[in-house]
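Structure in structure tokens, see below.
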Amino acid sequence: MTDLTQTQVRERIEARLANRHRKEKIFRGFGIASIAFGVLAVLVLFTDIISKGSSAFVQTDIQLQVTYDPATLGIETVDEESLAWANFDGVIRNALRERFPDVSGRRDKRELYSLVSSGAVFELRERLEANPELLGKTETLWFNADDDVDTYVKSLSDSEEGFLGRTSEQKAEWIRTLYASGELEKRFNTTFFTNGDSREPEQAGIRAALMGSLFTLLVTLILSFPIGVAAAIYLEEFAPKNRWTDLIEVNINNLAAVPSIVFGLLGLAIFINFFELPRSAPLVGGLVLTLMTLPTIIISSRASLKSVPPSIREAAMGMGASRMQVVLHHVLPLAMPGMLTGAIIGMAQALGETAPLLMIGMVAFIVDVPSGITDPSTVLPVQIFLWADSPERAFVERTSAAIMVLLAVLITMNTCAVWLRKKLERRW
Amino acid sequence: ARDHISIVGSSTVYPFTTVVAERFSRSTQFKTPVVESTGTGGGMKLFCQGVGESTADLTGASRRIKQSELEMCNDNGVDVVEVQIGYDGIVLANAKTAKPFALTRKDIFLALAKDVPNPDGSESLVANPYKTWKDVNPTLPAHKIEVLGPPPTSGTRDAFVELAMEGGCKKYDWIAAKKSSDKNAYKSICHNIREDGAYVEAGENDNLIVNKLAANPNALGIFGFSFLDQNADKVQGSLIEGQEPTFESIADNSYPVSRPLFVYLKKAHVDVVPGIKQFMAEFTSERAWGEEGYLADKGMIPLPTPQRQQVATNVRKLNALTNLAAK
Amino acid sequence: MTTMTLNAGGTAPAQDQADQAAESKTVKNREANPSAEVNETVGSPFCDDAKLRMRNVNVFYGEAQAIHDVSLDIGRNQVVAMIGPSGCGKSTFLRCLNRMNDTIEGCRVEGDLTLDGDPIYGPKVDVVPLRARVGMVFQKPNPFPKSIYENVAYGPKIHGIASRRAELDEIVENSLRRAGLWNEVKDRLDKPGTGLSGGQQQRLCIARAIAVSPEVILMDEPCSALDPIATARIEELIDELRENYTIAIVTHSMQQAARVSQRTAYFHLGKLVEVNDTETVFTNPEHALTEAYITGRFG
Amino acid sequence: MQTPTLFALLLLMILVAYGTGFSRAIAAARSSGGVRSLASLPSYYGVHTALWCGLPALIILGFWLAFDDAIIRAMVMGAIADKPESISGQNLLYAQIQNLAAGNLVGEMTPQLQAAAERLTSLRESGRWMQTAIILILAVGLGAFAMLRISPEMRARERVEKVLRAILLICACAAIFTTVGILLSVLFESLRFFQSVPVTEFLFGLQWSPQMALRADQVGSSGAFGAVPLFTGTLMVSAIAMFVAVPVGLMSAIYLAEYASKRVRSVAKPLLEILAGVPTVVYGFFAALTVAPFIRDLAQSVGLEASSESALAAGLVMGVMIIPFVSSLSDDVINAVPQSLRDGALGLGSTRSETVRKVVIPAALPGIVGGVLLAVSRAIGETMIVVMAAGLAANLTANPLESVTTVTVQIVTLLVGDQEFDSPKTLAAFALGLMLFISTLILNFIALHVVKKYREQYD
Amino acid sequence: MTTMTLNAGGTAPAQDQADQAAESKTVKNREANPSAEVNETVGSPFCDDAKLRMRNVNVFYGEAQAIHDVSLDIGRNQVVAMIGPSGCGKSTFLRCLNRMNDTIEGCRVEGDLTLDGDPIYGPKVDVVPLRARVGMVFQKPNPFPKSIYENVAYGPKIHGIASRRAELDEIVENSLRRAGLWNEVKDRLDKPGTGLSGGQQQRLCIARAIAVSPEVILMDEPCSALDPIATARIEELIDELRENYTIAIVTHSMQQAARVSQRTAYFHLGKLVEVNDTETVFTNPEHALTEAYITGRFG
């Protein structure tokens, strides 16, 4: 300053100003571009999934006039035993044959019968079981159509031709006839939300996987968030700062990089083989995912604990608060938003994970909707994975629909956490 | 106590066991079996761990049980009942937008083996020099060789190697001669797949391969017949030895690349876990695995009728498998 | 509170009176509030050669108004002292002058403010050169969590004032010397500035501010944590700077105001009560409130 | 009583214990001169009592639940005269008895089985009674004990905090136990692997081709186990992913924390966070069917040789997936930097970006590094995208347009593919796991030291 | 720097001399350093009825020693003022008394310190009741990012001083009144304490500290940001508190020290140079350094 006059300084500042402002603009531009990129990625993924999956929410149903003919059924009374071997297939077949009386020949009849979902038989049985008085009567019912029919009908709206796939030209003709006469109708697919998995696409639902996911996540959340936060608090606030703590820190960071399937191996060894917990259970899944998400939660919790200014700790300590009180009353509330972020990301990861679940038997075909954390169950991503791997064409849209359900769960879960986080956030 | 049947094993057999499981549970009072897809080897490991309610009752396999696995089973007190349930065709397919391929197993061998007989005709091996299909066989198109197939860890790949590659490999007499003289050399010639990028290890998701093929008309893909069956609008199967891969041609064995599928049953569990017998009865019933059964609908190629009967009796009698030679 | 007008002592609400009585035992007569309403600033708020010109400034924190219609000029090469009871809006007013209030959420500034005739607020105003021209020393010392050297070198670096390392070293040393900190820190320039004592941090912040040679320096109680000698050093610095710079200083020490400033502005409850020559303010205040304050009767 | 009911009852008792502890403390205070005469706040006495009441009972309950099956089983089996010799036989028998007791009739019924099943039922019944009784007595007894000991001198807060601290410590140890568990679960198999494949070959071998004999009669290929291509592949894919995620994530975080309005922030941040939760299958399909062909066509149009599966495609898409790890965590810590620091820099005439780059980011560095490390970790651990978009072939290449594979992918395919548990092929998965563990450990150590060196403590 | 012993002015290294010459123009004679070595504290550091007793205290920040072998007693119901140039270790010493130095990484305290005869340092000492007994007002005001009410109520809450809400309200109001802040904040008790002006924050911190009625109050420049009236209020408070409490206050204002304290301790470069009755120190200092400082010749 002794040798720089004020004007000189001013000149130098002015000289660089334009440049600095350009940099500022570029920097800001990068910021906007980054966010735009991220948001765009979200939108692209969403539109992709929704465009593929939305059609799964409707389902083609077929109307049939069925007669509960005791002769066809081969039963006299409606009781459990007779129902078990009653020939409901025959009832459906009769109904179809009556609708298309001039179909003959084994092959053609087979084609004809395949218009209706194989699940129709069971629906019929349940109906008769619930209303025994129907025996001998005739009624008009809607059944799920077969998945091939469904695929064809849906493709009709896309193009004149429609996608035949395995459907023969003759069958397509029948379908068109039925469609024209209103005996075939696209309806909201309730099955998808009420059923468990099925190998028949038209019977397959997301309910079991959804419940499985919820149970698993519940276990994970209940364990991983408190444990993660507690561990972070201990390490950040109580543990003496020495080489051991460093080791633990490195060790936790390292756990985050352990491939998730290895957690599956660990879970298999500990929870299933040693503690003899049941396979395929949300309890074990939750435990494994807890181990997997812990590092994420611990790391983010520590980061946010670190970012609480020491002056606040000092102020509280100076008031005679014990360390525990300092943490619980001052540090934790301030660090909570960051911890919630960790939880959001950790839980999102847990919600989407399949690999470790393979080892503990959750990559499985499970029809029955689980009703507790020890019932066999699968989870949404596994369901998606399994459907994505299925040959049936109709599973393609269901895969996307399942992804939509998963995202809906994710968004609901996040919304709660984000709302909480927003409430807790403050700058000082 | 576990009151549902637990099934593990091959991802190839999974679609078939699951259908049966579903039908079984809907038509009986038993709980739906839980079917895990763990891969053949993984399934065997779980299955042969021992007996008791924490171990699986059945395992699916897309290949026959190995001697070592059988020994492990037996060592752990597991008596195994073998049930061959049908066949799976392995197809080579390309996009519908491209021309269909007509290949021989020899073409396949030459295109995909790591080392091939010297093109000059001498009885020596050279690193696979072929870049395009035309190089392999002048009647084929001049596309770059690009085959999407399963990784070495997959059962499908094993079957493909054994049936398609070895089948072509054997066509060279001097190599075939080695089978008796130097078995190792023979296998290493016939079974090694090239690793220079022409063969792309594409994972085990067959739908993905189908979609990749649709996007890339020059590529061929290797996958199970059921995927061809369901995606006839996107891909077409290549003719092998003049045979189109169809349900019929695989069933009557004229299409050369198909492999057997198995389910193994733990004999000791039959009286312990409710429903095993009934489940197997459903599995081996005509409406399931028959020629017009629902398994065939799902793309499984049924066994010939006499063999079906034989297997069914075997299952009913629960004859344990003691040594593999007796096939 | 900010909207309350001051009444003659007797009419203040009874509750307030009681409160203040409770608060004060020794300082007698504080409720003997000079009968004065602050409607317009008394004294001479304007000057000819104004470096900074403020007209009808109002500042709001959300709903609450912290500054009420203040107009003031700060002359070139002048030191203006701002005094007034704690919480009366001195810092708020000071922070308007280089738009530091922008960073406070919910803070809104109204009025015309100009620097050398150029508007300070306005959509097209570039705050970067503005703040380089109008430097600031904050009330609470806020050194960067960097080394002492980096703290001082920060400004020159970002503005590209020093082109070579040697030049930078010189600026750093010079600034630290002028702030009276060099001797204490010269051996630990690479140690964090946050590890300094309170007074040292304050001087560091002064050094940091003068390192970029701003035209106007706003100092918010720059000597609050300093011992008399260090204070003297800073006052001397202010004197020195006045030759080239314009300075606004907030202080609670009447003596300091008297020592360093040419003009003094007295704030009260967000209003500018009186501005005058420092002499006048301290010897012959025009407004009753001012008088009460400088004679220690009113807080 | 059923366990859930018991559990609920216990919870209720804990609440009651808290209440009584609390009010007793107040009562004690009244007799000795006000709450201030207590050594701790009344609520601590409440918690103290609640802990005495609940903690031992919960621990015992936990042990009970863990071991009662085994004990009942021993008792039931002990009563059977001619049980099978082998463990597996006993397993079966017991399973059968259990099924019988549950009313599932399988196999033939013998009087002996019948008796055992009845015994099992009655044992379970009485076990439940005992459980209820013991737990309740324990809870009530210890709760009462703690309550009686309440006196103004008792330092309840310290005791409670000791317990809390112990709980925190145990939680912190969970991570250690996990590590030990992981090491144990990969170590032995790895050692077995290294018995058949020399360590040096594994570490320095340039070829990876785990085509090991699958069947005893399939002597075919021998397999090569050089892990170098896997590690380079991992490095490349992760590097590409970080190349996308770090700048995008960090810039997003900065924009959100420093520039964006509250509304934009409250929408954009959760939106980005969704990226972390989209199932990887979706990314995989996207990478394989959209990005990879696009890259291939692009590369070919500029005359580059490119395969349909490329490290680039997988890396890019993976980068998108891990953006939120960087963006959200960084946003939080940036937001936590005190405003006074920003004021300091802005007051000197910094532009916002200078403030951010020179002051805020350095101050927030530890947290940002935490986020980046998490992102790297996730990138290293991801499989599905790589399998679908980069293939499985272990190429030793530096060309991102070629297909590569990663360590994790190989671990997963080796473990879920057709396996044989004695062959090096499957054991290699464990060795890879161990190697990966060690290498990331080293990387993390380096990261820790870097952070320590550059850490700037504010305030 | 910390290990350097003070030599007679003439023997100071030439460089230092030059530096200081550069730093100081008006404050003449600063290098006319009184010829004195600080080997032992002069005056009467000990007293009979000591509340706090410190013996041979040494404090280190990492390698650097900030306090050298200080021994001092603080008598019951006494106000002891600590004065000395910025950076001489006053805050450091004060923070030893309630172990706030524990929170600074790398800070090490040696020596015997007792409160009412009980050791302050030691493996078995519970710092929580200690700090409840020895309250502290920090040099930089550090209100909690909570409401004003919560800030003051926090201490009474955790120490169980108030059992009912009404009692708590009373304590809060009382403390705020005594700190002279009530009038300014009574309408905004639920607003964050961080939104207050500098001086208001400082008073908030004082109110917060006295709300728990500690036996000893350590005040680190409690009036640095306060106007004279507010300062008077706090000094009055100190006077008032002295009846029941023991107070150690760091201040840079000699006048303040003279007004409020009974004894004064003068620190210099980490050493306790002189302790004496306030009277004596200001009228008749024993040590040359003290004299130099209070007469404004040495910083």
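First chain written, first letter: the chains are A, B, C, D and E, and each begins at residue 1.
Just so we're on the same page, contacts are C-beta pairs under 8 Å (C-beta built on N, C-alpha and C of every residue); 3 or more make two chains touch, one makes a residue touch a chain.
Chain by chain, the UniProt names read as follows: A = Phosphate transport system permease protein PstA; C, E = Phosphate ABC transporter ATP-binding protein; D = Phosphate transport system permease protein.
Model, not experiment: these values are computed from the prediction.
K.L.:
Enumerate, in label order, the chains that touch chain C and chain D alike.
P.N.:
A, E
K.L.:
Using the contact definition stated above, find the chains touching both chain B and chain C.
P.N.:
Neighbours common to chain B and chain C are A, D.
K.L.:
Using mean Cα positions, find the chain sitting nearest the overall protein centre.
P.N.:
Central chain is D.
K.L.:
A-D or B-D: which has the larger count of contacting C-beta pairs?
P.N.:
Spelling it out, more C-beta pairs touch across A-D than across the other pair.
K.L.:
Take the average of all CA coordinates in chain A, do the same for chain C, and state the distance between these two points in whole angstrom.
P.N.:
59
K.L.:
Rounded to a whole Å, what is the gap between the Cα centroids of chain C and chain E?
P.N.:
Each chain reduced to its C-alpha mean, chain C and chain E end up 26 Å apart.
K.L.:
Just the number, please: Cα centre separation of chain D and chain E in whole Å.
P.N.:
For chain D versus chain E, the centre distance works out to 49 Å.
K.L.:
Going by the touch rule set out above, which residues of chain B reach two or more other chains?
P.N.:
Within chain B, residues 2, 38, 54, 204-205, 208 contact more than one other chain.
K.L.:
Please list all residues of chain A that touch 2 or more other chains.
P.N.:
Touching at least two other chains: 13, 20-21, 276, 310-311, 322, 334, 358, 388, 427-428.
K.L.:
Enumerate the residues of chain E that touch no fewer than two other chains.
P.N.:
Only 128, 140, 158-159 qualify.
K.L.:
Looking at the whole structure, which two-chain pairs count as touching?
P.N.:
Taking the chains two at a time, the touching pairs are A-B, A-C, A-D, A-E, B-D, C-D, C-E, D-E.
K.L.:
Enumerate the contact residues on chain E facing chain D in the complex.
P.N.:
126, 128, 158-163
K.L.:
For chain B, which residues count as touching chain D in their complex?
P.N.:
So the residues of chain B in touch with chain D come to 1-3, 38-42, 45, 50-54, 63, 66-69, 76-78, 146, 151-155, 158, 183-184, 187-188, 190-193, 195, 197, 199-205, 208, 211-212, 215-216, 219, 268-275.
K.L.:
Spell out the part of chain E that touches chain A in their complex, as residue ranges.
P.N.:
The touching residues are 98, 100, 103, 105, 127-133, 135-136, 138, 140, 142-145, 154-155, 158-159, 192, 194, 205, 208-209, 212, 214.
K.L.:
Considering only the defined contacts, which chain A positions touch chain C in the complex?
P.N.:
Counting only chain A, the residues touching chain C are 1-4, 6, 9-10, 12-17, 20-21, 427.
K.L.:
Which stretch or stretches of chain A touch chain E in the complex?
P.N.:
Touch residues, chain A against chain E: 241, 310-322, 325, 329-330, 334, 426, 428.
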